[in-house]
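Residue numbering begins at 1 within each chain, and the chains themselves are lettered A, B, C and D in the order written.
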Amino acid sequence: MREIGIGLIGTGFMGRAHALAFHHAVSTFELSVKPRLVALADADAARAERCAADWGFAKACDWESLVNDPAVELVAITTPNRLHYPMTMAALAAGKAVYCEKPLAVTLDEASAMRDAAKRAGVVNRVGYNYLQNPMLKLARELIESGELGEITGYHGEFSEDFMGDPQAPFSWRCETEQAGGALADLGSHILSLSRFLLGDVAALCADLHTAHAERPHQGGRRRVEIDDQAHVLLRFANGAHGTLATSWLRHGRKNHLAFEVYGTRGTLAYDQERLNELRLYGTGGRPGLDGFRTLLSGPHLPDYAAFCPAAGHQLGYNELKTLEVRSLLEALAGNGALTGVDFQEAWEVERLAQAVRDSAREERWVRI
Amino acid sequence: MREIGIGLIGTGFMGRAHALAFHHAVSTFELSVKPRLVALADADAARAERCAADWGFAKACDWESLVNDPAVELVAITTPNRLHYPMTMAALAAGKAVYCEKPLAVTLDEASAMRDAAKRAGVVNRVGYNYLQNPMLKLARELIESGELGEITGYHGEFSEDFMGDPQAPFSWRCETEQAGGALADLGSHILSLSRFLLGDVAALCADLHTAHAERPHQGGRRRVEIDDQAHVLLRFANGAHGTLATSWLRHGRKNHLAFEVYGTRGTLAYDQERLNELRLYGTGGRPGLDGFRTLLSGPHLPDYAAFCPAAGHQLGYNELKTLEVRSLLEALAGNGALTGVDFQEAWEVERLAQAVRDSAREERWVRI
Amino acid sequence: MREIGIGLIGTGFMGRAHALAFHHAVSTFELSVKPRLVALADADAARAERCAADWGFAKACDWESLVNDPAVELVAITTPNRLHYPMTMAALAAGKAVYCEKPLAVTLDEASAMRDAAKRAGVVNRVGYNYLQNPMLKLARELIESGELGEITGYHGEFSEDFMGDPQAPFSWRCETEQAGGALADLGSHILSLSRFLLGDVAALCADLHTAHAERPHQGGRRRVEIDDQAHVLLRFANGAHGTLATSWLRHGRKNHLAFEVYGTRGTLAYDQERLNELRLYGTGGRPGLDGFRTLLSGPHLPDYAAFCPAAGHQLGYNELKTLEVRSLLEALAGNGALTGVDFQEAWEVERLAQAVRDSAREERWVRI
Amino acid sequence: MREIGIGLIGTGFMGRAHALAFHHAVSTFELSVKPRLVALADADAARAERCAADWGFAKACDWESLVNDPAVELVAITTPNRLHYPMTMAALAAGKAVYCEKPLAVTLDEASAMRDAAKRAGVVNRVGYNYLQNPMLKLARELIESGELGEITGYHGEFSEDFMGDPQAPFSWRCETEQAGGALADLGSHILSLSRFLLGDVAALCADLHTAHAERPHQGGRRRVEIDDQAHVLLRFANGAHGTLATSWLRHGRKNHLAFEVYGTRGTLAYDQERLNELRLYGTGGRPGLDGFRTLLSGPHLPDYAAFCPAAGHQLGYNELKTLEVRSLLEALAGNGALTGVDFQEAWEVERLAQAVRDSAREERWVRI
C-alpha cells in the first residue's frame, strides 16, 4: 500500500494526540494510504529525541529540516499559535501537505496568506477542529439539514473551561498577545467552527471581550495580560437564526464545555462535549403529553462509531475524535475527499469571524461579515 | 387580628394564582394581618361573578368601582400589561396599596409615573416577580453575597418557553405592540429582575431583538406581529462581571426555562426553574479530584421551605412561590418590611433595562445605564 | 353546599399537611361538599389549642371526644402508627368516615380488623398514600395499562431517604417495634403501594431485613433497636414481571427517593419522586438512532395539574399531592367515587405484602401471596 | 526491548477489541515488554486471514496450531464462552500465558480446573473484566477503602442492556445452555466482578432467574430458550453491607448500564457505565444546606487518565479501558505485577457467585458462600 511520510512538529498536548491518532488510524481503519512516521521536531531537541523513540518516529530533527526533508510529505504542526504561520508557509513552500492545529493563525492577514498559499500549492490542507469529527455532531448536522428541527430560529453556542479560572493561574503562551492568545483564540475558535458546521454563515455579530485578570504570575513575578479571558457575542446567521455565543477559560466546573442549543420551528437540539456520546433532541408533533427532551446515545448505527465498537452506549473518547480526523486527512491525501474535515478555507472563515469579534469588541459596534 | 380588604382585578392565569395565594398565605403562615377578599373584577362580568363565588370574594364588580371601594385597601392587578398603568394610577389616586403583576408598565414613562405616584402616595407597592421568592434563589443570592463564589466574572441568564414556538400559534394580547408585548416584556422582565437580584446593577448592555414570525393567525385571518419573539443581550454589570442574556418564547422543549449560570473566581452556581427545588454549586478549594458540580436540594434548613414542609427533598411548587410573595406583601402591609419583595422602584429598574434593550436593539449600539 | 365536619388527630408533620390540604382543596377545586374544621386533637393539649387557632379548627379536644363528637363526620388520623388501630376502630364504632395515615396498621391482624370494620360500617375510608395522587404517576399507570410499554418484564422499586443514615440519629417512635417501626413500615409501605398501583398483584416475594445500627441515642442514653433500617426484596408479579424492591432510611443523599423503573417488551418508564414533575420514557419503534430516554414534564394536559396551574413545567409541590388526595376523599364523601384513592382494602393489601416481607426475612424463604 | 509473542483466537467484537488494545498499549504507554502479533485464529479461516492482514498479525492459523506455536507466548481467547475451557487448558498445557475473555468458564467445575491448571503452570493469567480498569472505578474503590463513605451499609449493583429486549431478537450463542448462556453469564459476570471489586466478599445470596421469552427466532424457525433473560439477587456482603443486584438484557433504553450505588454511614457513591467518565459522590459533614450529590469528572489527576490525555473532562472511551487492561497484562508478563487486573483466581470467585445464583434460584433458597 502507498505510504505517506509524516513529519510532526511539537510534542505537547497536541503533539502526542497527533502521534497517537496516526497510530490508531492505522489500527482502526482500512486506510487507502499508510502513514510512515518520518520525523519529529520540537524546540527542545532532547525531548524530540525521546518522543521520537517512544512514539515510533524514525528520527528527530529541527523543524526547518523536517519541513524540507524529502521523505516528509505531510507536515503536522502542533506548536503554539504564532508558529502556525511560519511553519505552514515553509511547509507549503516545500510543497508539503499541511495539517495545522487550530486556530489557523494569529491574524486574519496571516490566515489569508496561508489559505492562498495552500490553494496555490494545490496540496491537501487541514486544520485540527477535531470536535467536528464526533459522529454525534454529524448526526446533529444531518438532523438540522434534513429539516427535522424545522426552520432554525435560535442558537446558543459556548466553549468554556476553567483552567485559567484561578486568578493565580500562571501566565502561559496562551496569554500572549502575539499568539492571538486569549480564550477567543484558544476555545472560541472551536465554538465558532462548530457554529458554522451546524448553521452555516454568520451574517453579522456584535461582541464584548473581557479581561478579568489584568495580571498573572509569571517567572517568579507578575506579567500584564492583554488578551481576553472571555468573549460574549450576539450572532445573526445568514439562515435567519439569531443567538448568542460565549467562550471563557474562567468558568469553574467547566472542563470541556463545548456546548450548543439549536432551536427550530419544529424542535430543539442540545449538546455538551462533556458528554460527547450524547445528544438531546426535542421534537414536536408526537403524542400530546409524551413529548420531552430525548437523550440519544451514540452507537453503531453511526458508521464512525461502528468503526470503533459494534455495541451501543459503550462510548468513544476524545482521542478517537482525533483518530477520525487523521483518517479523513489520510483519505484526502489518498485522493478520497469524501470525508468531512476542516480545510484552510473553512478555517479561514473561522478566523474571519474571530477578527470580526475583535473588531466589534474594540469599536463597540455590530460588524457585518 | 387586623384585616386588610383585598380587591383583585383579573381572573386569568394570574388572577387565579393571586386568589389561591391569598388563601394559602392564611393557611400556611402566622400572618400579622389577615386578608379579607372584598371584591373581584373582570372585563367579563359573568366570569367575575362566578369566580368571586368560587374563590371566596364577597362580591364582583367593575374595576373602577373596585378601586374606589372604601372596603378595598389593597388592589391586586392581574390584567394584560397595558392596563397596569391606568389601574395602578387609579388605585394610587384612591390611596390604595397596589400589588401589580409584572412587567410594571408598557413604557418607561408610564413606569416612572407609577413609581413616582406610589412614592407620593406612601403606600405599600409590590410587583409580581414571584420567582425571586424561591428559597433556593435566596440561598443563591446569599452564596454570591457571602463571597462563596469569589469575585463574580461571568454570567448567563435566560428565560425561554415554547408556547409561541409553533409559527401557527395564534396572536394574543401578548403579541400587541401597545402591550409592550413580546418575549422581552413577557419573559425577559423575569430574567432581568433575577439578574439584578443576583448580581445587582447592569452598567451597560447591547441587544438584538428578533421577530421570527412576522404574522400569526388571528380571528380567522392573519395579523401582523411587530413585537419580538426573542431577545439576545450582552451585559456588563457594575460589579465587573460580563455575560449574556437570552429570552424567547420560541424554544421548543423549554416550558419554564428561567435559568442562570453565575461564575466567580472561586466557584459557580447554576439554576433552572424547571427544577425549582435544585441549585447546582461548584466550589474550588476542596480535595483535589473530588470537586464537581453539586446538586443541592431544597429542604427545611431554608425557613421559607420549612414553612411548607419539615422534610427535605419533598419539593415546593410554583404556587407556593406566589404564596410566599403574598405573605411578604401582607407583612409589608402590617408594617413588617423585612421580607423580600420587589417594589415599584425595583420594578422600574427592570423597565429601565427593558427600555435600554429596546433602544440598543433599534439603534444597534451599546447603551450605558 | 353540604358541609362535612372534620376531626383531625395529630399536629405533627402529617397533622399540618392534612390541615393545609383541607384548606387548599377548598380554594383549588369546585368541590361537591365543603369541609368544616370542627375539632383538632393532640396528646399535647396546649399544642392542640394553639394549632386549632392557627389552622382554623373550631375547637381543640382529646381524641376520644373528637371521635364521638356528633359534629365530626370524618376522622383524620395522623398519629404514630400504633395509634391508627385504636383510633380508627373507635371512629368506625362511632360511625365516622376515616382518613388514616399510612401504614394502615402495625400488624396484619389489626389491618384486617380495620378493613372489616370499615366494610361493616359502610363508611368512606381512605389511607394517606398521597404520592399516588401525582398526575405524572397516573400518566405512568395509563401508559402501562394502555400497552405503551408492551408486556411488563422487569421492575425496580425503591424508597430511600437518609434521615437515619447517621448512626447517631436519635431513637424515635419510628424505631419502636410496637409501632411496626422501621424503614419497611415507614417508607416501604409507600413503595409497596406504588408497586401495586403500577403493576398490580405480587405473586411471591423473598426478602431480607437489615438492622445496620443496633442501638441509637435515646434520652441521654442509648436504646436497643430491633426494627429494620433497610429491606431488600425479590418480587414476582402476577402479571409475569420479576424485579427487586429496596427501602432504607440510611441512604445518604436520598431525601425523598421514591423511585421506580418499569421495563416492558416495547419500552421503559423511570421515575424519581425527588423530581416529581418528571417522568422518563423510552419507547422502541421510532426512527432508528433517534430513540432515547425522554424526559416528560408535567403540564396542564394532565387535569390534576391543570387544576393548579395552566402552564406546563411550572411544577406542583408535595403539598399539592395531599390536596389532591383530600379532594378525592371529599368527593368520595359526596358520593362521587370516581376519583382515585387508596381505601382500607387496598391499604390492607399493602400490609399483607409488608407482612410477607417480614415472614420471608425471618424464615429466609420465598412467600407466596 | 523484550518482545512477547501474542496469539489471538477469535475475530468478533472482542477479537477486534483485543487487537486494537495491543496496538494502542504500545502507542500509549512506555511498556516494559512489547507485544509481537504472531498469529490470529478463527473458526472462519478466510476471515482469520483477512483480519490478520488488517490487524497486523504475522499469520493466520487454526487455534490448535496457534496454541502450540513456539513463537506464541500469550494466548488471548475471545471465543464464545464454551470454548474458554478447552482453549485455555490447551494453552496452559503448552505452557502459555492466557488472557481469556469473561466469564472464565461455563461451569464452576471447569472454572476450578482452569484456575488450578494456571496455578500449576505458573503463568500469567488474566480475564477480560476491562470495566474495572476505569480510573473512575479505581477512584471509587479508593474512596470506599479510605473510609470516605464510612462503614458500608447498602448496595445496589446492576448490569442491564436491551439487545434481547425485543421478543423477536434472534437466538444466538449467548442463548445456548451449553454456553452458560443468559444474561447472568453475559452481563451478570461483570457486575458480580465489579461488586467484589468495590465491596469484597459476598457472604450469602438469594436469587431469582427469569426467562421472559421461552422461544426466539432461529434459522428461519424458532428455538426454545432455557437460559435466563434476567437475574435478581439479594446480597449480604462479608463487610456487613446488604443490597440487591440485577442483570438483564431486556431493559429497553439501557445500552451499557453497568451501574452501582454504594451507601455508607458517611456518604454515597453512584456510577453508571453509560457515563463512564463520571462518578457521583455524596458526602456528609460539609456546611449544612450545601451538601448534595457531586458529579466528579475524570481528569489527569488520575494517572490512568493522564496516560491518554492531559486535560480534564475530555473523556476516555470504552476501548481505552481495554488498552489499560492489556497494559496491565503486559506489565504482569514483564514481571511487574503491581497493576490491577483480574486473574483466574478472582475470575473463579465470580464464577462461584454465579453458580451460587443458579443454585439459589433453582432451589429457591439462600446460599452461603
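In this text, a residue touches a chain if its C-beta (ideal position, glycine included) is under 8 Å from a C-beta of that chain, and two chains touch if they have at least 3 such contacts.
Which protein is which chain? UniProt says A, B, C, D = Oxidoreductase.
The model shown is predicted, which means the values in this text are computed figures rather than measured ones.
Between the chain pairs A-D and C-D, more C-beta pairs are in contact across C-D. Comparing the CA-atom centres of all chains against that of chain C, the greatest distance is found for A. Per-chain CA centroids place chain B at a distance of 54 Å from chain D. Computed from the mean C-alpha positions, the centre of chain C lies at a distance of 41 Å from the centre of chain D. Each chain gets a centre from the mean of its Cα atoms; for chain A and chain D, those two points are 35 Å apart. Among the residues of chain B, those in touch with two or more other chains are 254, 291-293, 297, 299. Interface residues of chain C facing chain A in the complex, by the touch rule stated above, are 139, 281, 288-297, 299, 301-302. Interface residues of chain D facing chain A in the complex, by the touch rule stated above, are 13, 17, 19-20, 23-24, 26-28, 30, 54-56, 161, 163, 254-257, 274-276, 297, 299, 308-320. Remark: chain B residues 153-154, 156, 158, 165-167, 206-208, 210, 212, 229-230, 232-236, 240, 242-244, 246, 248, 250-254, 261, 263-268, 282-284, 291-293, 364-366 touch chain A in the complex.
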